[in-house]
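What follows is a pair of complexes built around chain A, which joins chain B in one and chain C in the other.
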Partner chain A sequence: MPEMSKMKKPDVKVVLLGDMNVGKTSLLHRYTERKFKDTISTVGGAFYLKQWGPYNISIWDTAGREQFHGLGSMYCRGAAAVILTYDVTNWQSLAELEERFLSLTDTANHDCIYAVVGNKADLTDPKAQLSRDSDVAPEDRTECEEDRTEPEVLSACPTPPASPASLSGVMLHKQVAPEDAAAFYGRILRYKGLDEKSSLPAEKMCFETSAKTGYNVDALFEALFDLVLPSILRKRNENQESPTVDLEECRGTSSKRSRTSCC
Partner chain B sequence: MSVKAFELVPAVERDLLMGDKARINIECIECCGKHLYLGTNDCFIHHFLLDEVTSSKGKLSYSAQKLLHKYLGLKKPVAELRAASALERLIVLCDGIVFLVDMVTLETVPSAAGGGAKIRGVTAFCINENPVNGDPFCVEMGVLSSKRRTVQIYMVYEDRVQLVKEVSTPEQPCAVSLDGYFLCLALATQYMILNYNTGASQDLFPYNSEDRRPIVKRIGREEFLLAAPGGLGMFANAEGVSQRAPVNWSESVIGAAVCFPYVVALDESFITIHSMLDQQLKQTLSFRDGHILQDFEGKVILASTKAVYVLVPLPLEKQIQDLLASHRVEEALILTEGAQRNIPKDKFQILHKRILQQAGFIQFGQLQFLEAKEHFRKGQLDVRELISLYPLLLPASSSFTRCHPPLHEFADLNHLAQGDQEKVLRCKRFLISYLGEVRSTEVANGCREDVDTALLKLYAEQDHDSLLDLLASENACLLADSVPWLEKYHKYFALGLLYHYNGQDSAALQVWIRVVDGELQDSTRSDLYEYIVDFLCSCANLDLIWKYADWALQKDPTNGVHIFTKRPGSKDQPELNSDDVITYLEKHNQALLLYLEHLVLERRIQKEKFHTHLAVLYLERVLSLISESPKDEEKLTRARERLQALLRESNLYRVQYLLGKTESCEQLLLERATLHGKLEEHDKALHILVHKLRDFPSAEAFCTWASSSRDSAYRQQLFHLLLGVYLDGNQTAAGGGNGDLEMAAVDLLNRHGEVFDAVRVLRMLPEGWSLQLLRPFLGRAVSASMHACRTSQIALGLSHSENLQLLHDRLKERKKPIFVSEKKGCHLCHNTFSEPDVVCLPGGVPVHTHCVAQRVRDSPTKRQLTNSSNHT
Partner chain C sequence: MERDNHQEGEAEGVKICDPPSESNPPADTLATSLSLLGNHMFPDPVERNDSATVNKEEPADSLPSVDTAEEQSQDANLDSNQVTKLEAEETENSGQCHSDVSSQSQSSEDAAADNGQGDSGEFVVTMLAKAKLEEQGIGVKGRSSPLLEAGTQESPAFISHRDEDVTADSWRQHRKHVFVLSEAGKPIYSRYGSEEALSSTMGVMMALVSFVQSGDNIIRSVYSEGHTVVFLQKGPLVLVCVSSSRQSERQLRGELLYVYYQIISMLTQASISRIFEHKKNYDLRRLLAGSEKILDGLLNLVDSDPSFLLAAVHCLPIASSLRDSLSQILQKAITPNLVFSILIANNQLLTIIQEKTVIEDARLEPADVHLLLNLIGASSAFQAGEIWTPICLPLFNPDCYFYAYISYLDPPECTVCLLLLSTDKEAFYAVAECKRKIEEAMVAQNSLSLIAKVQSYSVSQVGVSDLRHFMYKPFDVPDNYRQLTQFTSPEMEAPYSSEEEKMRLLDLYRYMHSRIHSTSRPLKLIYHVAERETLLAWVTSKFELYTCFSPLVTKACAITAITKLLRWIKKEEDRLFIRYPPKYSTTPNPSKSSRGGKSDQQDSTDNGFLSLL
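Moving on to the complex of A and B:
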């Protein structure tokens, strides 16, 4: 079999985990495509390669459905950051993170960082209805609102992807308070056997976002990317010290050398 | 969705294999080069020679020739066949036994003396295609046995098999694949990676092997494709990490293989083809009773229970072209870029560029200009390909021919737009912006003329503002092509610019002049006449100026003369000779006047000729205005003011000449007075002013003017002269005179009292004048006299005190007394002193008073220097 075409080799991996319908795919869409659109339930997983300065960061969007649960630990293997996503209007979605998803992160790097993200903040929080991302055009937003209202009217799903509340202006009850998320973050650290004092503080690692309005989405991803930078650099260093001889590289340098020595 | 990535081609038809025996089914296949082996359920191995036949139309088909078949004698289906071509052996699994048969004769290989050639109790085995062991004459094989939870590693030689390693697994394995030291295993409830060398294991993910048949397929170096729950095709590498997103199969996949960049999978009724690049389903082929799907050295072979087929990939380029043909630009590009590694670099670059260009044209056709532009840019499109879509834009002289095969399906823009003028317009606007962007980049290298000419045509046609910018800056517009185009759209001003840019200033001027004259219509510039004047003004070619200035001056002498007056005096421009200009302007009176004014008044050129000429022209104008009837008083006044100003201020014109010219006209007395003044004939001048004009303010002003640059004595003399004229006139006109001269004299004295010598004035004045009449003059005279007296007294006093001060200082300086005695002699007469009064010379030398007096009398100039003092 011929050598498989390699895509740009990612330097580091970030994984989105969370129950179905909390908005993992929408978060990734909002971040990568700057818009909110209808998504269908993710099958298996998908990933996106983000160019972050000179680095390639692969962001894995996983399937929240129970059916694909078994694949989670494989996706998490070697992850430098895990985004544990819940829905602020759904207490159960936070509980699921602890019950089902936290154990999947066992395969992640030892120095993996964890972010706890409450999505759909626009449904409970007026300030999240205004985007913090300057590039969200107003007409874009109205379009989104239409987009989002239509599925949940028919949906019998216990955790609707959104509710018509945002249209009528009535706020939904917020089931998960930021303190709950912070407490969960504390339990993650304990689960990992990490010292709370030497780890990143909860206030830095807990976010409330809205993929619909773009609220806090860039802030979330960019904060994480900044935090995984040391991990990237260490990985690059290890690769440099690797005893494997890279033929491609050797060829490159030798041809260069011969060119300079010529005439 | 559908891409045609593969074609299903029959290889071995049912008839050839089993004729009319309905019970016989294919159980397994192996293909090695042209040799195809089939294992059947009746324990036969069939050997075919498979030849590729390409028809004249390029269609691929297979012809199979049966070489041999052989009964293995076990009455059980042949479960697995694998070729070890270097050993010329087939490894066969039948009835739980692995054994070797000769590839050519299909005879079972007898066990060698040293060891067995059979393994019993085998459920499945796999060959290591990437063995760590370098021996080419043995094959590494992973074997799963039915009883034990182990995987055994065997080395297969020509006539024997040898167990080299046995590793235990946590559960009963049911499928295996091998790469290097890594075993990828499907256990009863999960997949795992196991390193048989170190024993290290890595769980992958859970999977229930009872629900679905597991698939463990090595797809490349240390990478495996696995059937995952939910009908997923998951990728995993030896480290247990997934580096590609999964593909979404159906739940009942039987077999899968990778034929880059596609994942091919088989279920009961379909072959599905997913792209590994975007995970999307690309093609579905109906395939009934599918049974086996395997890839052999890149060739994907399928089998139903009765027949064998080859899944032939269409050439990548064809696939890409198909995608483009159905306008699936993104997919085509992903496929192209994904194939980068499979195509030689130089070939890839050519292909990639071409695909990008084609993609750009598709998006262009859909009016997605932003995307189109990006692809044109990346694909380094020869911009003329795009220009050539627009009829008539490429210059006739352009050597360009469209690339073949064509990059797009459009004949031209009209074909593309199908008569939709709005579309045409948008395309044109796009081209304008695109050409505007690329014309200064390397994209336009080698075809700058074509680009700029096309842009010019578009600008002209679309009435675009940038047309003028294009022509006014550096450009490569072709004259021959652009001229008719600009004429067609009445862009005559622009046409002139184009001529100018090409060094044809004369042609430019001719076009512009015709526009100004109304022969041609172009409203680009309402001030085109001024533009022409400016143009000529800064024109380096003097011949052109002489040629076209005439027209400009006739059109508007006032502005036309700017050609000469506003000429910037820069170094690289030839200077115009003023005399030539004056000669040239002879027939343009007004312009000549303006030009002379420019020379004399603005540039202040000190040449008698110009000054006289200007004065004469002024004079002539005044004279002509005077002779007009009815007179335009206002004009006349202005003309005279100018004349007078020049006469007063210039010292260069020929006074006598002008005086001669004014003599004839009785109305120009003021001017004559001025001229007399210039000749210092002040009495004549004043005579005219006082007696002829009786214009006393002018007479006074004359005195002030005529003495303006002289000393006060001259001024006094002039005023006295005027006073004299007043008083004389008064006497001669006594009796008949109405006394206005007298009043003028009084006013003069009262107004300019300070100029007069009061004593002289008093002597001149008639006896009868009342003191009251002259009171202001006298008052001022007395006070002036008093003032002078007091001022001089103060000056005297100040000088005196200064003198004393200096004296004091000097004494202080010298300090020592001067001794005078009877024994000492005077230095001047050498007699002794007889009295204490002496004079001290500088240096403290005492001398007789009378001796000094004597000396002072001899040299009067030194009077000031001596000071007398008494010392006793």
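Moving on to the complex of A and C:
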């Protein structure tokens, strides 16, 4: 049987949230396809399944457009991790996270973890222009330079500060400093009523990435997947409460459980 | 250029028209129609593009009707047809009659050729715009006003003067502009150029609309040399098309209606009305931001895909056994609240199955399928994932959302797409499980590789040497009333392989279509000798057919060819069409409330659709 015919039950849910044109789809695309390409504004939400060791992680890439705002809480239901994405060249995109998106996470798991991610770091930060992915060929990158302008043009009206000078080589003014993101992370914890000391520290949960060059993208997703593992284990233990029984999974759990219980 | 072609063609061509008088029964065979033709040879009506006129509707209770220039010119040609024509007019305008703003254009048909006429017509339009702006206190003081200067920079040709037309920039030269604005005059969408830059232009458009409205009238269209401006008001939205193509007003209005439906499909009619009731000057771009590409894509499809013109769906020709097996696969993978399962390859329908109770109440309209296909085309950038998105099917029910599951079955090629529509917002995982089952069954039956081999067919398969291309649309006949309207058409091959030539052929078809479906003088058959090809279009009670022949074909040859073609289509129809769309009944309890609503809606939506035809 080819692999696609097997139903992979997702073990855990990760949701990407953020204003439109911050690069949520591009981040995920960079991580899963190792490429940066022109994307079209997402409609609704898109579901991806990522194999992470023995686990299946479902990732929901949501539309940032206000049109689909009402659906946000549905996509977030039962999420184990939420990636709140903003654009480092656009202060408003961070403000939107707080105003529009944070409340959507009310339906997420009570132990949900939050990452605050500033994308498009390559536009402001020389070090982010160098890819951390070994598999990105240089010519691949020059191609991307041209691609970048396209979605930017689209974003011209809703997020004006981001666009006009995004010609390659020109450094844009960074509108969101890492400290702003960290402060926002603190406010998330307060909003959730979580104790800052017992929660994951801001320096661990705030990232600056570039989907275009691949800078920090793998680090973000891998760190997050490692952090949601405990949540997977707990869910597996509570499996009997799940309304549907997956025979295949039951067969597999005994061995997996013995392997994972040591860590 | 296009226009010259047509006119030359008509001058050379043998023009035969069958007047649609009540006494003529629908011609069911070509022979009958042709025997009728001999008696009715009419000269071509005078083209009225040279005059700038403003057509508007008047409520039936106002003054008696005044004919437009076009009507008069045709009356002169065609007295016998007057009664039928006026009837057609009346049904189209639902009891409202045409009047003409420009007094000169009422005078006589020969004024149509007068250049001075055009000037004064445009003058009227410009004055209308100015008058309204002044009334609103915007303070336009002639040409020196900075507002007007700004406006003329991007304003479409219809309010500009002829001399400015010469210096037309590339923006103006676009074949077809489409603008969407709110009743408050706020820009919502422009096909070319940013809405901000066009806000003054759109202000003028709104001024025109409200000026005519203040006289208890509705502005329908403005004609100027080379351009047709068509207005469509739908609820709180105003849609405007500025076209230099030779399409008829009715076709352009139909296209605007598609744009409106696409907006509805994203936001629903109910929510748009609610938003504007609440706040008249709401900026709808907030909600449509990001959807511009979907509208752009729609307009490109409208220009390049005859499905929209014919208001029918093009399905991929496949062996009926394969289609049946695919339908069965879909039928076996169902879940509660699943309503439609649609399989698409290369943007053409493979099969479609519907929940039984739904099909009793309503059917899926071609326009809704077009919107779905466009959505898929515009959202396929990231094809590895499974999309779950709300979508409204405006003709099915303009006020409610379906939830659409969209996934490609053959990544990374991404040609075969599965679309499942559910009424349950929370059903993603259940619906995704259906896809798993479908995938499994398709692997077992090797369906994907069979689909990959499927190609559109060549006109040479028909075996008629002079036939270059055709479009055949069978009509709903009583026994398959609930069936989706479809059409079939071969690949466009040489000499129509380049984009320009394809467009030229489509333009010829659009012209034939506008003649056949003319509101003032509908025809049953046209034999049109164009410069580089000969076309024959024929409408009966059973089908609508457009054919394109090599230029040297004789009328007799064309008729034999069509007889052969019809025989071939009859023989192949199981392969060319989805003949018996399968139904299923999923569920013990499909949501009853939504169905109740649908059946109520159906009457009104059907009517809405008729106006599109």
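Definition applied: the second predicted complex is superposed on the first by the 215 of 263 C-alpha atoms of A that agree within 3 Å, B and C clash if a C-alpha of one lies under 4 Å from a C-alpha of the other, contacts with A are read in each partner's own complex, and residues count from 1 in each chain.
We adopt the following convention: a contact is a pair of C-beta atoms (placed from the backbone, for glycine too) under 8 Å apart; a residue touches a chain by one contact, two chains touch by 3 or more.
Keep in mind that this is a model prediction, so the values were computed, not measured.
Visitor: Identify the partner contact of A:Leu71: answer first if only chain B is touched, second if only chain C is, both if each is, neither if none is.
Guide: both
Visitor: Just to be sure I read the superposition right, which of the two partners does A:Lys192 touch: chain B = first, chain C = second, or both, or neither?
Guide: neither
Visitor: More chain A residues touched by chain B or by chain C?
Guide: Between chain B and chain C, C touches the greater number of residues in chain A.
Visitor: Go through the superposed model and pick first if A:Arg100 touches only chain B, second if only chain C, both, or neither.
Guide: After superposition on chain A, A:Arg100 lies in contact with neither partner.
Visitor: Now for A:Arg234: first (chain B), second (chain C), both, or neither, which partner does it touch?
Guide: neither
Visitor: Tell me the contact category for A:Gly45 with respect to chain B and chain C: first, second, both or neither.
Guide: both
Visitor: Is A:Arg34 touching anything from chain B or chain C once the two structures are fitted on A? First, second, both or neither.
Guide: Neither chain B nor chain C is touched by A:Arg34.
Visitor: Please report the chain A residues shared by its interface with chain B and its interface with chain C.
Guide: Common to the two interfaces on chain A: residues 1-2, 4-5, 43-47, 63, 65, 67-68, 71, 74.
Visitor: Give every residue of chain A touching chain B within the complex, in rising order.
Guide: That would be residues 1-6, 43-47, 60, 63, 65, 67-68, 70-71, 73-75, 77-78, 107 of chain A.
Visitor: List the residues on chain C that touch chain A in their complex, please.
Guide: 194-196, 266-267, 285-294, 375, 378-382, 384-390, 404, 425-426, 428, 432-433, 436, 439-440, 443
Visitor: If you look only at chain B, which of its residues touch chain A in the complex?
Guide: Result: residues 129, 190, 203-207, 219-221, 223, 228-230, 232, 234, 236, 239-242, 244-248, 258, 260-261, 279, 295, 297-298, 338-342 of chain B touch chain A.
Visitor: Within the complex, which stretch of chain A touches chain C?
Guide: Residues in contact with chain C: 1-2, 4-5, 7, 20-21, 25, 28-29, 32-33, 37-48, 61, 63-68, 71, 74, 154, 156-158.
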